[in-house]
Structure formats: structure tokens, C-alpha cells
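Labels A, B, C and D are assigned to the chains in the order they are written; within every chain, residues are numbered from 1.
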Amino acid sequence: MNKVIGINEAVKMIKSGCTIMISGFMAVKSPEALIDLMIKNNIKNLTVIANDSAVPGKGIGKLITHRCVKKLIASHIGLNPETGRQMNAGELEVELIPQGTLAERIRCGGAGLGGFLTPTGIGTSVEEGKQKLTVNGAEYLLEFPLRADVAIIKGSVVDTLGNVFYKGTTQNFSLVMAMAADLVIVEAEEIVQPGELKAEYVMTPGIFVDYIVGAEM
Amino acid sequence: MNKVIGINEAVKMIKSGCTIMISGFMAVKSPEALIDLMIKNNIKNLTVIANDSAVPGKGIGKLITHRCVKKLIASHIGLNPETGRQMNAGELEVELIPQGTLAERIRCGGAGLGGFLTPTGIGTSVEEGKQKLTVNGAEYLLEFPLRADVAIIKGSVVDTLGNVFYKGTTQNFSLVMAMAADLVIVEAEEIVQPGELKAEYVMTPGIFVDYIVGAEM
Amino acid sequence: MGFNAKEMIARRVAEELQDGYVVNLGIGLPSMVANYIPEGMSVTLQSENGILGMGALCAEGEEDENIINAGNQFVHIQKGASFFDSATSFAMIRGGHIHLTVLGALQVDEQGNIASHIIPGSMVPGMGGAMDLLAGANRVIVAMLHTAKGEPKIVKKCTLPLTARGKVDLIVTEKAVIAVTPEGLVLKEIMPGSSVEDILQHTEADLIIRDGLAE
Amino acid sequence: MGFNAKEMIARRVAEELQDGYVVNLGIGLPSMVANYIPEGMSVTLQSENGILGMGALCAEGEEDENIINAGNQFVHIQKGASFFDSATSFAMIRGGHIHLTVLGALQVDEQGNIASHIIPGSMVPGMGGAMDLLAGANRVIVAMLHTAKGEPKIVKKCTLPLTARGKVDLIVTEKAVIAVTPEGLVLKEIMPGSSVEDILQHTEADLIIRDGLAE
């Protein structure tokens, strides 16, 4: 089960109009090669689920600038003025979700759960349209799972079975996103043979990964 | 912040009548030294939350045999006939919970969530007394968080700040239990200095651990 | 006969495997399916206590004290295996990432209901991971002996407490292979040494028998 | 004055730290508190993108491309640090494992309500992790300048959209230290260079002034 394929082949599976989760936090460690090829291939009308919209010229910021994104579901867009501009101009729909709720909703989508109760957002506009439940005297919002057609994820060390190790802070949303999409493509900084990653060090088990591409085009 | 203390001092913090989570799966890698000293100190009337009741003479099995347990909340008791005997004789209260629901309820307790919706147990007696919600046409049970006064956990390699690495399959319930108890004591097979565990290899961050004891008495 | 029957069942279940499958095998008879994975086929075994890529059982002296399967047996792991915690393991299981689970049962009925975890008043081992596996696996095969002490285990309606409602896809016994369909139970194959009469005699549930039945 | 005011605030907030605290510092002014952790005190910094044991900002040339904080800055990590994913990070945060969070604000009001993430029609950066931190941290200190363009930020009732309801415990500005209590806002300390009159003039909210006020 060698899951390594060419990047051209991988990007052909990503269709205009799909919902796509993209790993990375701010400007660090998004799958840049996949994003570049998506832009080159003119993939448009995406619904992007990500922590943020990065900065102009990096990661998701490139997709925003090239107007590939129809809707963005994220927790923070403050570092990319172009996202705010497109939003205010009515060119881009933005749905802002608290970061912890976003992570948990994606986990929920991958874990087969129907929803969860969180205290986050109680007393704020995040409440709007949501069911509130009281448990042991405390109020919670009922939040629902998020899933996507595709997830593209940057991995530091990846074996050919799809087991992924992330260096430093690059885990962030990758773990939950890999669980919550129908098609998961990992862009690897380094590809190794099965057994080279110790079983205890695997952060995303290969079961969650469909295809692996190298970071070079 | 050296969290290493003597095992006698640690066990003094565990009181009769408390609710205690205990790591381990079947007969493998429970905190045996802590359990032995709990028995020696005659700690009784415990409510134990664990995956199972091990086998007689090992781990939680010893607490059962010594009648330290008033109530057991677990997913499986089949390998310990004494648990079944005490239950049938009305000497021990046993609450059986599906394994995935048990893990998720404990995670919920540690993660500040008020509950979650699971498909597990729909159409079975697990439904009894529980609220059912329908999300996107599918039925789910609303399950609530589990917390404990104390968690005792076996760790393979532990630094003095409480960062824990688990070998092999010994992670099982340890990760979620360490999050969900007011007092967390880790019994370490090997204690190392901060920095010896690579930051990426830490499975239970030290923030979740209060005290560390060596495995030797 | 008991042993050969179980071997026959495990061998037949293994024919349902497909390349690339991730499979969780229950304790006992289902675990024997691992011995019959077709040569050259890539099947990854998941164990709900936290292994993906489980290998064979350890012979005496080979045990690693930190590596067991969900049945409390010491096991090897394959190259490219991974370990994870119980919350992640059941996220995998409930989240539909397991292609197939093979489980034993006390009873299965015409609606695909299964009772496998409790005989009130006598056997109460607990459901372990079975309810989650039944809720989440893409496909559920029940592997069991056709009868228990001569009594049919494939029944019109389960009388024992259910472990899951309507989740069984296929039943494999030493007598028959039976598919659960919206129309009811369909007899798909007669196992060597059995016959339609033998099967009907030992089955309480109604069986739909179609033309072209494999014998 | 702006810089010195912020430094003064950060220094005063640092006096609230205790040995063994795990602390999450917001972007901007709050992050400056890290510079004033008392000598010999063990304080662990959490960054919600997945670090426990965050160290100082990296000087140019010291950056590890894989290690940033939640403010997109390259940082060092301390000995004994750990990395984890976002779901685990917010389990920590919501689950009450963070002793203290220090956040900036646009407005704070008499009920301890805080508005910090949006000015409708002009500034919509998103709430990031702020709402989770406010929901879950054991103690919340707002560190901010007393006014914005001369307008009071400590108000009777927030007019901007709330980031959390009733979650603020203490407000530290360059003019005052103010505690949120069930009775209302209590003026605890007058900062050097300010006075009760100065504070009252620049505060819209009612302040309770008790005997023995620290000046």
C-alpha cells in the first residue's frame, strides 16, 4: 500500500466547488506546493476550512489573493488584510468560529460524533441560532461536526503508508483534519519507508491518509 | 517544579470513599506499586473508573479481591470472575459503559465540554434514561462528562515536570484520565530530567500531572 | 468438529477481505481470520486498545510487556504500525475509518440486530468495544457457530439484550453464509457438509432462498 | 508615553503571577508580561497553537521554521516543553488547566463583560482563541490602556459585541488596578502618576472606592 503519488495526479482529485480543509497556523506550514498547483490549475469556488487565512503571499493567503475561495470558515483573519477587504466588499463569505470550537467541530466530524456541548461563546453572538443546554447548572452551546470533501495537510516526516510525524507546532489542526475529510492528501517534507517512524512517534496514523505527495513539483 | 515525591506521601493523598481513575488495559500496565500501597493503607469504598477490572492478582483485580471497591465504572469485566461474583452477590456495584463512550466521557470531563452526541448504544439498553437527539436524520445519545477526584497512571518515561511518554499500547486511557481528575499521580518506570523527552514525543503534557512517584517502594 | 468448524468459518470470512482493508477482529473465533488473509493482500489489523498494524500473536519468550491486543494477548506489530490512545482509537472506529469488523454473537435476527454482550443473570462480561465497532464500522460480519447447544442462534427476533440494532451485514457459520438485506435474511451459500434442509432445521429465522444458490 | 504605559501595565500584571502557574498571554501588550516574570519563579507559558513551555522570542537567525507562537512569531521553547495539537490545546484551555490568561480588550464593563474581538464595520479579525480562553481559564486579567483616543474603555455596559460575559476578574491599566466583584468594579490601586480624580475622569463605569486604597 504505497500511497505516494505525483502531485499533478493528486491535485486533479481536488475539484472546483469542493469543501477543503487546509492545515497550517498563520503563515507556517501549509501545504504550499499543493496550493500553488491548485492555483495554477484554476480550481475555484472553494469552501476553505482552516484556522486562519495566513498572510498575503503565503499558504491560504495565496488562495484568497487569487480569488479561489468562495467561503472561508476560520477563527482568525486579522493577519491578512485582503481577506477583510474581500469580505467587506461582499466578494468573500467569512464564517468566524472560536478556535477551540473549530478544532473540536472538526474532531467531531472525524470521530463519528453528532455534536458536543461547549461553554465557549455563551453570552456572545456565537450563540445565535444555536440550541443551549444546561448541564449541572452550567449553560452550553450545542455545536455540530464539520467535515470536508478534501483535506490537504503538510507533514514533516511521512512513511509510505501515510503515517505522519509533525515537527514543532505544525501539528495544530492537522490531526483532526486528517480524520474529517473524505480524501486526505499529505504533502511531505520527507518521505521514509515503513518502520522508520517508530510506532509511538506516529501522530496521524496512516489509516487517515489517502495519498502522499512530495513537497517538490 | 520537581513533581517527584515519595510513594507514601502520594498514597496519603488518596482517601477512602473517593472516585479514582486507574490506567491500564486488562492486566497490562496499571500503576501496581500505588495499588499495592493503597491496599496496604486500607483505602476502601472506592468508586473506580477504568477500562476493565483486569485479572485476579493484577492491577485493579487486586483492589477488587481486597474489597476496596464499592462501585466500578468500566467497559469490560469478563477476565475477572471475582468482579462478576461480587456483582452478582450484590457486594459490588458495576456500571458498564461502551469502551469508546467511556474514553470520550473522560475526555469530555477533562476538556471542559458539557457532553457529546454518540451513535454508540442506540437501540440498546445503553439508551435507558438518556436524552436522544437527531442530527441530520441520524439518532444520537447525549452522554455526559466523567471526572474523578484522583487519577493514578502508569508512565513509561516521565520527566520531573510531569511530561509522560507511554510505550507500546500503554497509552490507552492514560491520556484522557490525566486530563479529567483533580489530582493526578503518575507512577513512572523511568524518571528523566526535563529536556530528555523531546517536546514532540510527550504524550501527556506536564500540565496534567501533579505528582510523580517511582515504581519502587 | 468444533475446531474444524471454527477454522472453516474463519477461512470463509477471510474471502470477504479486500486489498487495503483496515479490519478489527473480535476476540475468539473472529481473531482466527488473521490466519487466512490471502497471500499478497494488504490488510491492516486494528486493535481497539490502540494499535494499527497489529501482527501475529507472540510465541512464548517473544512478548513485549508493553504491547497487547484488546484480548489481553501479547502481539507483534508490523512495520509501519502506529500506537494511539483509546479516544483516538474509538474516533477511528466510530468515525467510519474501519472498513470491516468481524464479531462473534449470541444471537442475530432477521433485522440484522445482534446480541453479543450479555446473558442476563449468567454472563455479564460487558460490551467492551463491541457497541462502538457495531456503530461505526463500514461493514459488519458475524462469525459464529450456527447453533449453541443445538439451539438456533439465527432467530426471528433476538431475545437477549441487543448490542446493536440493524447493524449486521453478513453472517458466516459452519453451515451457511447469510446476507442481511432489507427484504430479510438471504441464504447466499451452503457450506461444505451442510444442506438447505440442515440449515433450515437449525435456523429459527426465515431465510430467503433464491435461484443460483452457491453450494 | 504609550510604550512606557504598556511596560508599566505588563510589569504590574506580572505581580499577579504565582509559582507553578500555567499562563496564556494574548498577543500584543499581554505578551510583554513574559518579560517581567519574577526571578526564581516557575511560570509555564502556554501558546494555544500547541506549546506548553514557550520561551523567549527568537532573535533574527535563531528561528526554527517549525516553531511559532499563536501570534505567528518564531519562539524558543524551554527545557521540558511539549508540543500538541489544537484539539488537545483547547481541551487544556476549556478544561480549566490554565491558571491565568492575560488578554487585551476594547471594552470591559461593570459585570466583567469583555469586548475584544470585533468593531462592526471596521475591525473584524475574528476571535481566534480568545473566547475559549475566557470560557476556560481559571483567572482572567485584562491588560490594556485606560482609554482609546481619549474615550473610556472601562464602561457601564459594553456597546461592542461581547467576547465573553462576566469572565473578567481584574483590569490593569496605566492608571489603575480594578477588580471585578459581585458588587461591581472596585478600585484597588492607583498607578504611579495617576490619581483618583484622573481615574474617575477617564472611566465611564462606576467605581467602588474603599478605605485603605493603595496609591
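What we mean here is this: contacts are C-beta pairs under 8 Å (C-beta built on N, C-alpha and C of every residue); 3 or more make two chains touch, one makes a residue touch a chain.
What you are looking at is a predicted structure, and each value in this text was computed from that prediction instead of being measured.
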So if I look at the partners of chain B and the partners of chain C, which chains show up in both lists?
A
With contacts defined as at the top, give the pair, B-D or A-D, that has more of them.
A-D
Which chain has its C-alpha centroid farthest away from the centroid of chain C?
D
Averaged-CA centre spacing for the pair chain B and chain A, given as whole angstrom:
32
Inter-centroid spacing, chain D versus chain B (mean Cα positions, whole Å):
35
Chain C to chain D: how many Å between their CA centres?
55
Just curious, how far off is chain D from chain A if you go by their C-alpha centres, in Å?
29
Multi-chain touching residues of chain B, meaning two or more other chains, are 104, 107, 111-113, 118-119, 166-168, 199-200
Where does chain C touch two or more other chains at once, residue-wise?
51, 83-84, 90, 93-94, 135-136
Given the complex with chain B, which residues does chain A contribute to the contact?
104, 108, 111-119, 133, 135-136, 138, 140, 142, 144, 165-168, 199-201
Chain C residues touching chain B in their complex are 47-51, 64-70, 72, 83-87, 89-90, 93-94, 113, 124-132, 135-136, 161-166
Using the touch rule from the top, collect the residues of chain B that touch chain D in their complex.
1, 107, 110-113, 159-161, 163, 179, 194-195, 197, 199-200, 202, 205-208
Which of the residues in chain D come into contact with chain B in the complex?
19-20, 22, 42, 44, 46, 51-53, 77-84, 88, 90-97, 135-136
Inside the complex, what are the residues of chain B that reach chain C?
25-29, 51-52, 55, 74-79, 84, 87-88, 94, 96, 98-104, 106-107, 118-126, 156, 166-176, 203
